[in-house]
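Just so it is clear, A, B, C, D and E label the chains in written order, and each chain counts residues from 1 on its own.
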Amino acid sequence: MSVIASDAVIKKEAGFEPLIVAFCCNWCSYAGADLAGTSRLNYPANIKIIRVPCSCRVNANFVLRAFQRGADGVIIAGCHPGDCHYMTGNYYTRRRMSLLKNLLEFIGIEEARFKIDWISASEGNKFAEVMNDVLAKVHQLGPNRKLRDSRWRR
Amino acid sequence: MEKIREEIKEIVRQALASKEVDLILAWEKGQLWYDSYPAFFTEEQGVDSLVWDQFCVNNLSKYLLDDGMAGQKVGILVKGCDTLAFNQLVQDNRIIRDNVVLYGLPCSGMIDPAKVRREGLDRGLIKIKKTGDQLIFVNKEQQIKVLPTQVYYDKCLTCHYPNPVIYDRLIGEKVANETLATHAGRFSAVEELEELSTKDRFAYWDQQFSKCIRCLACRNICPACSCEQCTFDDSELEILGKAKENSEDKFFHLIRAYHVAGRCVDCGECSRVCPQGIPLEKLNRKLIKDINELYGEYQAGLDPSIKGPLVTYQLEDTDTFTAGERGRKQK
Amino acid sequence: MKKIAKDRLSLLWPRIALNYQLFLPIAEEKVVNFSRWEEGAEVDLATLKTANSPKDIIFPQTETYLNFKQEGKRLELEMAGGRKDYLVFGVSPCDVASINLLDKVFLDEPVDQFYQEGRQKGVIIARACLNPAETCFCSSFKINPALAPAGADIATWDLGDSLLWEAQSEKGKELTADFDDLLEEVSREEQERLEQVKTGIADQLKDLPLVNLDPDLIEGGLNEIFASEIWEHLYRRCLGCAMCTYVCPTCHCYDLKDYDGNKCGERFRCWDSCMFSDFTMMAHGNPRTTQKERVRQRFMHKLVYYPNNYQAYACVGCGRCTEKCPVSLDMVKVIKKLGGERNEL
Amino acid sequence: MQRVGVFICWCGTNISSTVNIEQVVAALENIPGVVYIKDYQYMCSEIGQNLVKDAIKEQNINRVVVASCSPRMHEATFRKAAAAAGLNPYLVEIANIREHCSWVHKDKEAATQKAISLTRAAVAKAILNEQLIPGEVGVEKRALVIGGGIAGIQTALDIAEAGYQVDLVEKTPSIGGKMAQLDKTFPTLDCSACILTPKMVDLALNSKINLYSYSEVTEVNGFVGNFEVTINQKARSIEMEKCTGCGICLAKCPAKKALSEFEEGLAKRAAIYTPFPQAVPNVPVIDRETCIKFVTGKCGLCAKLCPTGAIDYEQKDQIVNQKYGVIIVATGYDLINLDRFGEYQYLDHPDIITGLEFERLVNAAGPTGGKLVRPSDQKQPKKVVFIQCVGSRDKSERGKAYCSKICCMYTAKHAMLLRDKYPDCEAYVFYIDVRTAGKGFEEFQRRAVENYGVNYIKGMVGKIFPGDNQLQVNGVDALSGELLQLEADLVVLAAATQAKPEADEVARMLSISIDRDRFFTEAHPKLRPVETHCAGIYLAGACQGPKDIPETVAQASAAATKAIGVLSKNKLVNNPCVAKVEQAVCSGCLACIKICPYEAITEQVIEEKTRGKVRLRRVAEVNETLCQGCGGCTVACRPGAIDLKGFSNQQILAEVDAICR
Amino acid sequence: MLREKITPDTTKKEIGQISEISDEKILDCLQCGKCTAGCPAIHGMDIMPHQVIRLLQLGQVDKLLASTTIWGCAACFTCLSRCPRKVDLSKIMEALRLIVLRTKGNQRLEIDKVPELLAKQIPQQAIVSGFRKYVK
């Protein structure tokens, strides 16, 4: 009872507007997003940010819940290793999310749907770049049907 | 094995008689040939029904969490894989080591009744004998010689700890670590899946997960799933509903596997008990394999004093998501 | 009585599938379950004991009651239902018997509309159990594996190269007529072979290890059994999983839940298990706080409460719990402990 | 029952020109729990804040959602407003519809939909907000200043002035930093040493200040009010208490081959040395790499000659552990390495020097006694070419994209000094732009051109060809479009400034962030220019970005003020968004303890009654004053027994759900 | 000349073409003149390299298309290696040459002339690069 739409179906889906949920750590990436704003660097409105104190606050549950609720891509952004406001948080993020990412790939979720990256408070440019990049890739992949709850409407 | 069984019974009787322990966790024989199930012995007299045969597959260490045992000294019979689980429970602070007496039992493998049935060896079965490298299935008409690899549980074929890694008393001779040769193949099934395309991998797992009836046996048997209250049972958070829904099945299995990452001792009990034959061990082993490759070889339950891979880090750790830092990439 | 040659079954399936959702025992990697048939599926009529009973076809694990939609502050409700016609082929006699037990619960007043619709839309084609397994004890509940109990629309017997086919209800007769071109008349010799087969089954039954089980021998009334000491010993190894209840063909407890699907949603029922700690959770908490009480509840229901209400045991001896329970806490052990055994094995 | 009030800010037109406010209001009306919606031009203004306060009082709302700019900007403002109206401030939630929405999206419809979505998420989170009450923690009344240049000196003096203990850690043997190397300072041309050394002496004599020279900070733990710092005092090989600074050892030391760091390598120094005569402390250091005693084991002359027996060859590094309430980072800057600027031949010719070397060459206390001569032949130059922007404003790999800020002014100063002292010497300055923003700066630079006859050439030098006697400088006057070929005697390069190479390490140690140029990042570029993101750690001077002396001193005093603000408190209130444990669910695996960077979680044994038996159970407990609220533990905790107040599992899931609607 | 606009609309197309062909950002240039100061081919140029960019910034493409500078550039990359703004002038010169060749079609070198040049013992590299440069 597979739910994957064939490639052809996905491509046909006109006006596909991906939804990307981005978890951003308060100190670096959220500030980086603020800087992108202050610098008026455009990125698409499809990306919606949830503020967390540290990337290590992001639970695998949150990622999967976003996918269940129809997110087409999920991003976790934190301080660069070594820059964590809480000293060690992103080192744990690195291990946890490396494993989660591989696990998702292992059950056949497209690699590009789940992005983790380090974006510092000064990298407004990088923030916009990463967002644009993920969006472009997700756009190409089409809507997430694999992890989405079939009862959820968006 | 019979000889050792008698030795075990004697030791258990003595331990109970001398009040060295208040209770002993062991196995008992049921109505059918393969039916050796967990049993709790508190009285010397009851020990007659204790059994030690090639069907004592159940890992008993999780019963040590039973709050009815609070304040008691408990004895437990443990195989190699069981001791890894025991250690993991000690590491997770679920067991106080000193309250438990471990009777270690070297084990060369347990027989999978399903394989016996599939081979048609169960018809009129009277008993199973072990001689050297072979098993002899005795029925009314004949004796059939069988190689252990034909009937042992899959998990036993890739077992790498046939002898207890921790015990207070060892019963019987240690067995040679002969299965190590196949241990190399521990990750071969994972690798096969990794070789597939994303689409095919999804098709595979989608089909597997859709079989799930969410009976939670895999979770409840797991020695690493030892929480007071599982997050899935948190009625306030309700991260998992009860509907039989594809995305919820996936959520359950991903989080179950992820929550035991770094603590899964690879005992294979989850796959064994799954009534639908979902190969859950492949998820666990994928995580073990990644941990080993990314953060160094780690065997959960081997040494409780070593911090698990997810509660520690190295400054120079690699990751699987930034450019140039990808760990082993799948197709 | 009619028959259909085995090699013509592959013609039968697509014919059925034209008008029905067709469910057949289908093997997927060593596990056989009733699944929707589609071209190329690996139909396995040899395996008699499917991993799950066909219960989930009649009484799905999750079933929508009503759908709702939100428009501004307005909420629109719409009853679910509208099941399609379906046909289950190859139901074992014990599983047919279990459907009758479910009927007692769901079709009794107040009638469960969804279940009723499910029953009405369904056709059950039974298949006699020619090779009972060692975990089987249907005869303890007066079920004859050689026959299809009432409730099956058509009974079939596997004679190797063909299936004997006999309609047992009006629906069954209509269907038999529909497929007349695929069916053949049965010869006298085949009739005789069927009788032989039936005798063979009876002989096999005598040799089964659990044949001496007899719940009628259980002594004591509700209160005595409830207070029995056996529960204290039995429950301890229970893991608290729901495997026994979910593979059981007669367990029928369910929970009602709502799903908020964003401006729309549904109220649905889904199987629940008395083994779970949150079963029948109420505002004040849970009526059964320990696993002992939960284990007792399950077996009391099967052996005492249900019989008190419906004059039948809520077990058909299919042996699934016996085979699957990870810790062998099964019906057989309970009946034995309660004295329901004719003599020692 | 939660009654949510939503306040939507137009931010003038910053939000309202992209986000259709009416549409947002309409969409929010249907959200259960939202009972009051108000939009206003400037919600952060007093009138706007009053709208919030009035609604709390009059509309009986008990959750506030403000859809406005980033919470990093005005969360505190609205929390205060709510508190003033009697609502617990942590019941306020901000939806960032400016930085994350109106400023980054052009499509109005999309931006409006996103604003609705973000606000909806904030409402979902706010409904689950709980009243939080901050805890308190004591303050260690002692400041640590890292770096003993003018920034560090000024900070230390200011804090000491306020009456608090200060420890100053300087890596080199003496404080003074770059300013001590300078000759004159722009735009007043007063002598650098004359204004700096009195401050150095003040510092040395100040009883509130404890100086750790020739020392480095090796470890920093803790948090504002309670930093635990480890300082490594490197072995000087001299006992500080005994040394009188008489200088006999320096004079008699036979090993005089090392290049003087202070003199930018233009002079030699002894193996036992003080960097410069006015050094503070005036106690020498033995450079163990060039000291004959340390290299060969023989010599020991200084020990024999020392009248007080202060020389101690056996001295070891000493570790000091100290607690501090605040830390000021004033680690300064460096000049970039000119290796990769081959066209300027800096490495290959002694007469091509940096600006800092020029300072030493014209300094009366410098290696030439203030006489400007060419390093190659000690002759006085007749034509000097100054080249600005060597590596500054340079986007390529070899330079720095930013403006080094000080070069225009010091080059003008150099040219002026040159022309003043040696009127017969010609001065040429190649520049891209001359930047003179600063009090008296423009006038100063114009004086160089108009009064001192310095030749300013808008253009750059393509290449320098060292000739037999002179340096052929090939440049262009970009304005006239004429090529220039100057035969110069001396070329002075205004090398770009850069962050110290150790900046990464310092940042990691202090858990503060650095920008892509590796300068430390301030908490806010305009409004919090001396704070870092880490509470209690402040920045002073060029470690935060290129600065001249007045700016450095101003920032140093500002940092001191911020530090004094903390030190003057007896208690600090904590962030109440900390972890909490639900002990009934805690399994006692204590994974949380293993990963907590603050050691804020401890083990506790509780008694629990189950089925008539008493069971002892291990559980985790959070020390709320130590917890900083990162939330790492909440993820390590599989059953979710440990949760983060203000960012609970339920709240984040609710946000996810709301955002996906 | 009195300009009403810094970049006249009439030359927008060419400016666009130049940035498309060269993929260089002319606005990056600070007019420091370093390219000019170090250019070894400067003596054959009527417009200085840094002025080339200035003219582009001003939209005065016509002057450039008529200049000797664009043909004189040897594409030696000295300017690029020293440019603080990483502007690759040789690419811009190439773009300008291409525009001339594409619009006017007047090849500066004909293939028949090549053997003749070989006879003159001009280095082969020079002939090849000249061929590339002057022929499209």
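Throughout what follows, a contact is a pair of C-beta atoms (placed from the backbone, for glycine too) under 8 Å apart; a residue touches a chain by one contact, two chains touch by 3 or more.
No experiment lies behind these values; they were computed from the predicted model shown.
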Open item on the list: Can you give me the shortest step count from chain B to chain D, moving only between touching chains?
Closed with: 1
Open item on the list: As a teaching exercise, work out the groups of chains that remain connected by touching when chain D is ignored.
Closed with: A, B, C | E
Task: Chain whose Cα centroid lies at the greatest distance from that of chain E - done: C
Task: Chain closest to the middle [Cα centroid of all protein chains] - done: A
- [ ] Report which interface contains more C-beta contacts, comparing D-E against B-C.
- [x] B-C
Open item on the list: Averaging over Cα atoms per chain, report the distance between chain A and chain D in Å.
Closed with: 31
Task: Whole-Å separation of chain centres (CA-atom averages), chain B against chain E - done: 74
- [ ] Can you check how far apart chain A and chain B are, centre to centre, with Cα atoms defining each centre and the answer in Å?
- [x] 36
- [ ] Between chain C and chain D, tell me the centre distance in angstrom, where each centre is the average of that chain's C-alpha atoms.
- [x] 72
Open item on the list: Among all residues of chain B, which ones touch two or more of the remaining chains?
Closed with: 68, 207, 231, 239, 243, 245, 310
Open item on the list: Residues touching two or more other chains, restricted to chain C: which are they?
Closed with: 259, 262-263
Task: Of all residues in chain D, the ones touching two or more other chains - done: 595, 611, 636, 649, 653, 660-661
- [ ] Give the pairs of chains that touch; include all such pairs.
- [x] A-B, A-C, A-D, B-C, B-D, C-D, D-E
Open item on the list: Taking the touch rule as given, give the residues of chain D at its contact with chain E in the complex, in rising order.
Closed with: 343, 389, 391, 393-396, 399, 432-433, 458-463, 474-478, 481, 483-484
Task: Residue ranges of chain C in contact with chain B within the complex - done: 28-31, 33, 51-52, 60-62, 134-135, 209-210, 233, 236-237, 239-243, 245-247, 255, 257, 259, 268, 270-273, 276-278, 281, 322, 324, 326-329, 332-333, 336, 345
Open item on the list: Please output the residues of chain A touching chain D within their complex, sorted ascending.
Closed with: 19, 21, 26-28, 30-31, 33-34, 36-38, 40-46, 48-54, 56-62, 65-66, 69-71, 79, 82-89, 92, 96, 120-123, 128, 152, 154
Task: Touching residues on chain D, where the partner in the complex is chain A - done: 70-73, 96, 98-101, 103-107, 110-111, 113-114, 117-118, 121, 504, 507-508, 511, 513-516, 521, 533-534, 577, 595, 597-598, 628-632, 634-636, 644, 647, 649, 652-653, 655-657, 659-661
Open item on the list: Give the list of chain B residues in touch with chain A in this complex.
Closed with: 190, 193-194, 198-207, 209-210, 231, 239, 243, 245-248, 250-251, 254-255, 257-258, 261, 283, 286-287, 290-291, 294-295, 309-310, 313-315, 317-322, 327, 330
